[in-house]
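I have a structure I would like to understand better, so I am pasting it below and will then ask my questions one at a time.
Should a chain be cited, it is by its letter among A, B, C, D and E, assigned in written order, with residues numbered from 1 in that chain.
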Amino acid sequence: MESPVEIVQHTTGGMIGASWLMIAFPLLGAAILLVLGRMTNRWGHLLGVAMSLASFVVAVLAFLELIGLPAEQRRQAVHLYEFIPGMVDMGLLVDPLSISFCLLITGVGSLIHIYSIGYMSHDPDRRRFFSYLNLFVSAMLLLVLADNYVGLFIGWEGVGLASYLLIGFWYFKPSAAVAAKKAFVVNRVGDLGLLVGMFVIITTFHTLTFSDLGKAIAANPPSGGAVTAIGLLLLLGACGKSAQLPLQSWLLDAMEGPTPVSALIHAATMVTAGVYLVVRSGAFFFPEGSPQALAVAIVGAATLLAGAIIGTAKDDIKKGLAGSTMSQIGYMMLGAAFGPVGYTFAIGHLITHGFFKADLFLGAGSVMHGMNDEVDMRKYGGLRKAMPITFATFFIGYLAIIGFPMLSGYFTKDGIIETAIEHNQVLGWLAVLGAGVTGFYMSRMVFMTFFGQKRWADDAHPHESPLVMTVPLMVLSLGALVLGAYLVLSNRLYEFLTPAVGAAEEAPHFAFTSVPGLATLALVAIGAAFAWYKYGRAEVPSVQPRGSFLTTFARRDLYGDALNESLFMRPGQWLTRIAVYFDNRGVDGLVNGLAAGIGGSSGRLRRLQTGFARTYALSILFGAALLAGALLLVGNI
Amino acid sequence: MGETITFWVLAVVSVGAALGMVFNRRAVYSALMLGTVMLCLAVLYAVQDAPFLAAVQIIVYTGAVMMLFLFVLMLVGVDSSDSLVETLRGQRFWAAIAGLGFAVLIILAVGNAVFAKEAGLAGALGQAGYIRSLALLLFTKYVFAFEVTSALLITAALGAMVLAHRERLAPKQTQKDLARARFQGEHPSPLPGPGTYARSNAIDMPALLPDGTVAEKSVNRYIARYDVEQGHLPEDPKLADAIKHRAAIESSDEEPA
Amino acid sequence: MSPWLPILMAVPVLGAIVVALLPKGSDKLAKQVTLVVSLVVLALTIVMATQFRTGGPRFQFQAAYDWIPSFGVKFGVGVDGIALVLIALSAVLVPIVVLASWHDADGTQSADGTLITPKRSVKTYFSLLLVLEAMMIGVFAATDVFLFYVFFEAMLIPMYFMIGSYGGAQRSYAAVKFLLYSLFGGLLMLVAVIALYVVAGKGTFMYPELIGVIKDPATQKWLFGGFFIAFAIKAPLWPVHTWLPDAAAQAPAGAAVLLVGVLDKVGTFGMLRFCLELFPDAAKAFTTPIVVLAVISIIYGAIVAIGQTDMKRLIAYTSISHFGFIVMGVFAMSQVAQSGAALYMVNHGFSTGALFLAAGFLIARRGSPYIADYGGVQKVAPLLAGFFLIAGLAGLSLPGLSSFVSEFMVMIGTYSSTAFGAGALTVAAVISAVAVILAAVYILWMVQRTLHGPTAEPVKAFKDLNAREIVVLAPLVALIIGFGFFPKPLLDVINPAVTQTLVNVQVDNPAIAEKGAGQ
Amino acid sequence: MTTHYLILSGLLFAIGAMGVLIRRNAIVVFMCVELMLNACNLAFVTFARQNGNLEGQIIAFFVMVVAAAEVVVGLAIIVTIFRTRRSASVDDANLLKY
Amino acid sequence: MNNAVAPTIEYGTLAPMLLVFGAAVIGVLVEAFAPHYVRKAIHVPLTLLSLAGAFALVIVQIVQGAVPTAPVAMGAVAVDGPALFIWGVILVLSFVCVLLINDEGHFVASAAAVPGSADEEEAEAAGVTHTEVYPLALFAVGGMLLFPASHDLLTMFVGLEVMSLPLYLLCGLARRRRLLSQEASMKYFLLGAFSSAFFLYGTAMIYGYAGTVSFTGINESLATGSLLDPLLLIGFALLGVGLLFKIGAAPFQAWKPDVYQGAPTPVTALMASGTLVAAVGALLRVFWVALGNLDWNWRPVIWAVAALTMLVGAIVAITQTDIKRMLAYSSIAHAGFLLIGVLATFDKAQENAKSLSAILFYLLVYSITTVGAFAVVTMVRDPGGEAGHLSRWAGLGKRSPLLAGVFAFFLLAFAGIPLTSGFFGKYAVFAAALSSGAERGDSLGGWMTGLVVLGVVASAVAAFFYVRVIVLMFFSEPAADGPSIAVPSMGTVAVIAVSLLVTVGVGLFPQPMLDLANQAASSLFVR
């Protein structure tokens, strides 16, 4: 494997030099909206959209400037200021990898902002929603743009905060409040990995800056143990943020947030930060074939299957999509385990997924918007006539995700599968299997929602959403339609990314007729057909059937929460109780006991003062005898 | 040799008397025992070339101090005697332990000290002679202490005055004053005795005044209370009421003038 | 001889006298005078701080007057970077606390009219506050060990009265516990102070002259122990921490801020300055056990905090956890960790201050410190909720807020320390990192139960923050965010002092990062 | 002989001390104290002869004077108490305790 | 034959003491001849002027710098630097205590009258008081001056009695709660006599050993003779009993709480301050001058006594419910702290000046604070007299913040909180002890350090009960029928003000007082 291009140009000028504006605009928006508060109620959402769009413009300009440069100069560092003197400087790294993310974040982000104007129009707190969204965009951009792990970590936690705030946006719902807290806490478990990873990195390499890291490794190749440790720790961080096994449990609960949030944060951008982390650190800490790379692959494969299985059993449309997100990120992780080619497909899938999953979520949001916020698919049915645009865009997204030939997902997912099989047969074929399951659960979703008989309640009057919501849907579905082909065919993405992630020994080439590809298609078709058999052809019961053991297993999210509960929460609660008890009775009790002991001895000694002069005389005589005896003794020694 | 015999005799006597003082129930006997000890000691002083002290011991100590003790004993009640029951738990036991221990320590210390032959006072007396030498010492070297002792004596006198002497605050009442007070008071004549003009002359039966009313004060209030408590009330309701009233006054502890 | 520090101490003392001598019934005037005096002190501090030369000698604004020549005691003051930032912290917090406690002594009533605290003497409260400010400045400024000790102990008294007279239901228990604990530690330290003077035989308590004087390792250990126990109680380190939850929970919010925000820092400040520099060999010998205690504090404090039902107690326990970090940083003996620890002292003052004050505002509205009595505050008082949340996030060291920088530095400095016992330090850093998770649990669980969820019935009557309360919290939040992104001004001041400390401790711990990474 | 005298003095002193502990009548207690003082005097006189100087005798003389003054004050106090309480027992005066 | 040389008495040097005694005698004459309605008018100025005059005479001696280097009055009295310092302190203390005594309502109208009898009522109604207290107090003060300055054991014994006898009497003269007062008087008297018998027996033994009772002579005979003579050891132990009894060291402390509680508060103040100062002075003289060569022998024993005293005083005080009893136990604890200073001797006598100065300083600051505290106690009254029970003090801070504040300040000084005089006192003593320990080397150094640590622990325990009173006064709600605050007389105000001033002043600027103590100690005791 070849290291990524090490030469980093420092720049202060141009749009790249001003790339900090990308972060600053939405941050400013968030600050204005939060500080001015209710004063901005009337125009707050517009400001939010404007700031997001401004960022997008900067991103596009910076992107154009970057591709205008020769390939070997496409790693541009922007020094901002000294952060922790002697340890970390705050700076940005504008390279193909980060700029791709920027485009995705600001682009899809802006669309979702626009969509939210409509979606949140009835919410009295819309202004607050936009401030949080802006905050998120800002933090996410910091995450991908930072040229060092500390900056990345600040962004990393920033998006976590935004996610927390947005999941708990409807804080008065206890379920939302709990889900928000859970998301944050589980993420913190991952953060622990990232944090400790940073300790090891700085101790081993004396720097946390990406560009210096390359030099340090080159100058002083580290021992395998340290790198493995770093890799595994970073993987833990990635698992938290990207909802990979074993830290997946928060993502399904996170659907308590408003749907645009699910689309933006919990599908398109934030949850892919783990993938970004692995790819960004890949060259340093995840060399191909290393144990930690294998761990990444295993986590990815396991999650892609788990997510898919969860997806098959959910009747809540958003939770179904959340399971799907887990699964798709699993694919990306799997891809990210296999060097530059894998990176390319992982990032490619990340981008296309950003589009089609956002499309799907927003579509689901549109459906809910028309259905009085009903999320149970068993209460849907036959909606394709009531909301044609939503149906059309959703259907495109659906085709993209199951890998219908020539749509985005087809290219990127297939690329991952083939790369995986090339490196690791077992995991690769598992990914194929996962694709089949994807075919099933996505088809099930489409059939249950848009086909069949209507099963909705009498007071529901499904209707198409306003343009402000459907236009973003259309834009996104357009992306879902063509982006994969654009990026993958003729290796555009690969070559674009090479300066950032390194070049493979052999450039990838997409084969339309490979065995795995065909097998995947076949399995997807079977899955879809089975879904049609169960949900398209047959009547869908509006009450959930009991289902087999396996179904229950899937419905309960593979018992992830139960496991957490029995492994961590209950022991934790007991530990807390014991600790509190120990503190009150043990530590404090010891001190109070000592005080009580002194008080008690005082009470007893006090009784010696009987009030009888003769007793006092006795003590004097005793004292005299003791004194005399002691002196005689001391004197005669 | 003579000294030895004297010593042993007096030692036995004085220790015996000392123990007698401690263990005798009667304070007066204790005082007498103490006097005995003092007299023995006086003799022992004399034996040890301290005739002046022997005299002072008898005159001041046995003569004055012990008399003072006896006076006070008379004041306090000469026939009072201590109960021999010890009320403080363990006091005697521990007193014995401490006392014995202390004695043993002193005896050990003294016994272990190696004394040379007594120097005797001959050298110290020199040409001046005994009394003169004493005086010389007293009025030169210890003159300051001697003077200060006067403060002690003044204090003692002052203290006795403060605690025992009561200054008369008003002129002493003369016979005349008393008579005047009596005739100006409510009862120039004596109060009627109980039983007077009553059908019975028992002391718990109130007197009747010449106008036939009951004289409540003629019955002792303690007797009245006893009668009420025991139910020995006269049949005459008037008398019974008077006794009850008297008892009630008593129990509320207010003696009307 | 620079008059800055004596003036800085004299101003609040004079203010206190003026406030105490105001005629009866001039409560309002007393408050205004106190506020003005504290602002004057703040202004003076800022002016002084601008004159501090970062490249200059370690101790600046030095002044020394003979105080008790018989004992060799001087009124010696001077500041290095660490002391400077802590004095600045005190100067910033006092006006805020004055504003925050504006009505604390007036007798407060909860929303439903029940009496929370009865009316008490306003003048006394504010003059005590000013006296306390003078002593806080003095304790950080003292360069004479004896003078330091005097302030260290004397500080207890105003705080004792503030807790005991103006606190909650259990105030006298808490006040006595606070006083006795601290006094006990202080007295042990007194023995060590005397012994230091005697053993050193220099005839002076001036701290720069005492560095490196005590050579005998056994003596060093004993003296170190005397100082350390006092500081550990003050800090408070597990297992001598139990006074803090009581004291902080019973103290009025303003006093709690000063108690946890500044007073307790004297403990960690003392460790850094006195324990390390005067007794370097002992400090090195005891590193491992102390770091173990620190780690226990970190984890234990966090776990016990999770289980608290009383908001102020919870915050107190979080502080115990945070103090664990500071102590760990101090004893990690590396530049980064110690700088981080010094920075942590400041940042913790801001974040815990904000948290206590916000919690105090909540409690003032409801009259109960119990978390279970709240719920859905965000609905009725969004501003208060917002501030509370930000303060809470600072408490869990969210990156981007000031406490993150210091916590990060401490952990990284500890992990990478190449000082003796480095293995233990590495493990300690990793274990302490678990607190990152626990912090999220305790803060967010409290936030969830107080701010979120359905609005509880008594909470519905809450008013949102008034202007005074906003003025109290806003500067703190601004500082928290500002130093979260730009800690350099503080670190530039702190770093030289830490470097000098390490030189005096004779630890050769190379910087862990190449300067100017990314240049 | 000196030793004998001293042992006698020590015994008397100890007996006096024990008497103070055992007797309840304040006057007797005080007598026991007097006994102790007498024992001291015996020691002084003995030592005076032993050491060959008169100081011991002088001191013994002083002790007598002091003892006389003490007796006056002491007995006055005891009488006062007796008048108040009608009891000269030292045990009865124990309102002040603990 | 007639070779008697007239004794020389240095009247100039002894003038302060003689003035006090002289005034006392005049006082007695006043008692004898003046009608009782003018007695007080004569006594008060006479007593105060004589004390002030004596103080002035002490100052004159110090200013003249003619501190004698040899004992005066035929070797009976040593008026050296420390003695002059102690005299000055005692005279100041007795002056302020007389101001307290002067206050109405402390002393019984007629001591001879049975409590509660008609006689007593009559006497009270007639408004007579025992003006004998003034000469008695003067005699006691005279004894206090003599006790620490005496240079032989006989003079010391006489001084002890001169000091004690008037105090025995004064204890029994309280106007309220007379039963308690009389009981205190009797207990004090019996135990005092008992302990002085021990002192005397000790004197006899020492005399037997040394052939003299002069301190110089004893010290010389120690230097030449065998140190192991059991007579010396036992004599020394018994002397110790008498002296330790007077300062109230455990296990000889039992009288203190009872007597302090029962005695009239001004007398308690005098005992707690003046007697303690005098007794410590005497203790130092015996231990450092007479037995200076024996100090490796007595140190372990005094070590144990000091430790026991501090602990007993501090611990038992915790559960006291009467303010005066509590202060008595506090005084016991402080006696323990002082003993730490007594232990702090050095190999070279010259260095002892350090410890001596510390002890003198401690005595000064502690005793003045004590007087102030008792002065406050006299002001808090119930209908039946002073409000002794602590529960009656609850909420005093609300009713009378100034008085409670002052008292709290005194308590903090007792506790040794910095910026009060008590802190520097404690500091000085601890510092002396540690430096003596350091000089004495390993084992002893360790023991001294241990003692100081023990002292520190005792201080912490002691702080608890001081703080408890503060808690009661300031943090508790006042009782509905709380005690009244007496309108103080000018005298009481002056006493409290002086004590407060000294406590604050020395707390902030101890140097002048330290200079005084240093100067006094620099000449050490006359040997």
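Observations, loosely collected:
By our rule, a residue touches a chain if its C-beta (ideal position, glycine included) is under 8 Å from a C-beta of that chain, and two chains touch if they have at least 3 such contacts.
Because the structure is a prediction, the values reported are computed rather than measured.
Common neighbours of subunit A and subunit D, by the contact definition above: B, E. Among the remaining chains, B is positioned farthest from subunit A, on the basis of C-alpha centroids.
Taking the mean of each chain's C-alpha atoms, the chain whose centre lies closest to the overall C-alpha mean is C. Ranked by number of C-beta pairs in contact, the top chain pair is B-D. If you average the CA atoms of subunit C and of subunit D, the two centres end up 65 Å from each other.
Separating the CA-averaged centres of subunit A and subunit C is a span of 36 Å. Once the centre of each chain is set as its mean CA position, subunit D and subunit E turn out to be 25 Å apart. Each chain gets a centre from the mean of its Cα atoms; for subunit B and subunit E, those two points are 32 Å apart. Shown for subunit E are the residues that touch two or more other chains, namely 111-112, 154, 158, 161, 165, 168-169, 172, 186-187, 190, 194, 205, 208, 230, 233-234, 257-258, 464. Taken residue by residue, subunit B touches two or more other chains at 88, 91, 94-95, 98-99, 102, 105-106, 108-110, 113, 141-142, 145, 149, 152, 155-156, 159, 162-164, whereas all remaining positions touch fewer. In subunit C, no position touches at least two other chains. Per the contact rule defined earlier, chains pair up in contact as A-B, A-C, A-D, A-E, B-D, B-E, C-E, D-E.
Interface residues of subunit D facing subunit A in the complex, by the touch rule stated above, are 17, 20-22, 24, 29, 90-91, 93-98. Taken in their complex, subunit D has these residues touching subunit E: 6, 9, 13, 16-17, 20, 26, 29-30, 33, 36-37, 39-40, 43-44, 46-47, 50-53, 55-56, 58-59, 62-63, 66, 69-70, 73-74, 76-78, 80-81, 83-85, 90, 93-97.
Those residues of subunit B that touch subunit E in the shared complex are 105-106, 108-110, 112-113, 127-128, 136, 139-145, 148-149, 151-152, 154-156, 158-159, 161-167, 169-170. Those residues of subunit A whose C-beta lies close enough to touch subunit D in the complex are 606-607, 609-614, 617-618, 621. Residue ranges on subunit A touching subunit C, taken from their complex, read 10, 34, 37, 77, 79, 81-91, 147-148, 150, 153-154, 156-158, 161, 164, 168, 171-172, 174, 176-178, 180-181, 184-185, 188-189, 191-192, 195-196, 198-200, 202-203, 206-209, 211-212, 572, 575-577, 579-580, 583, 587-588, 590-591.
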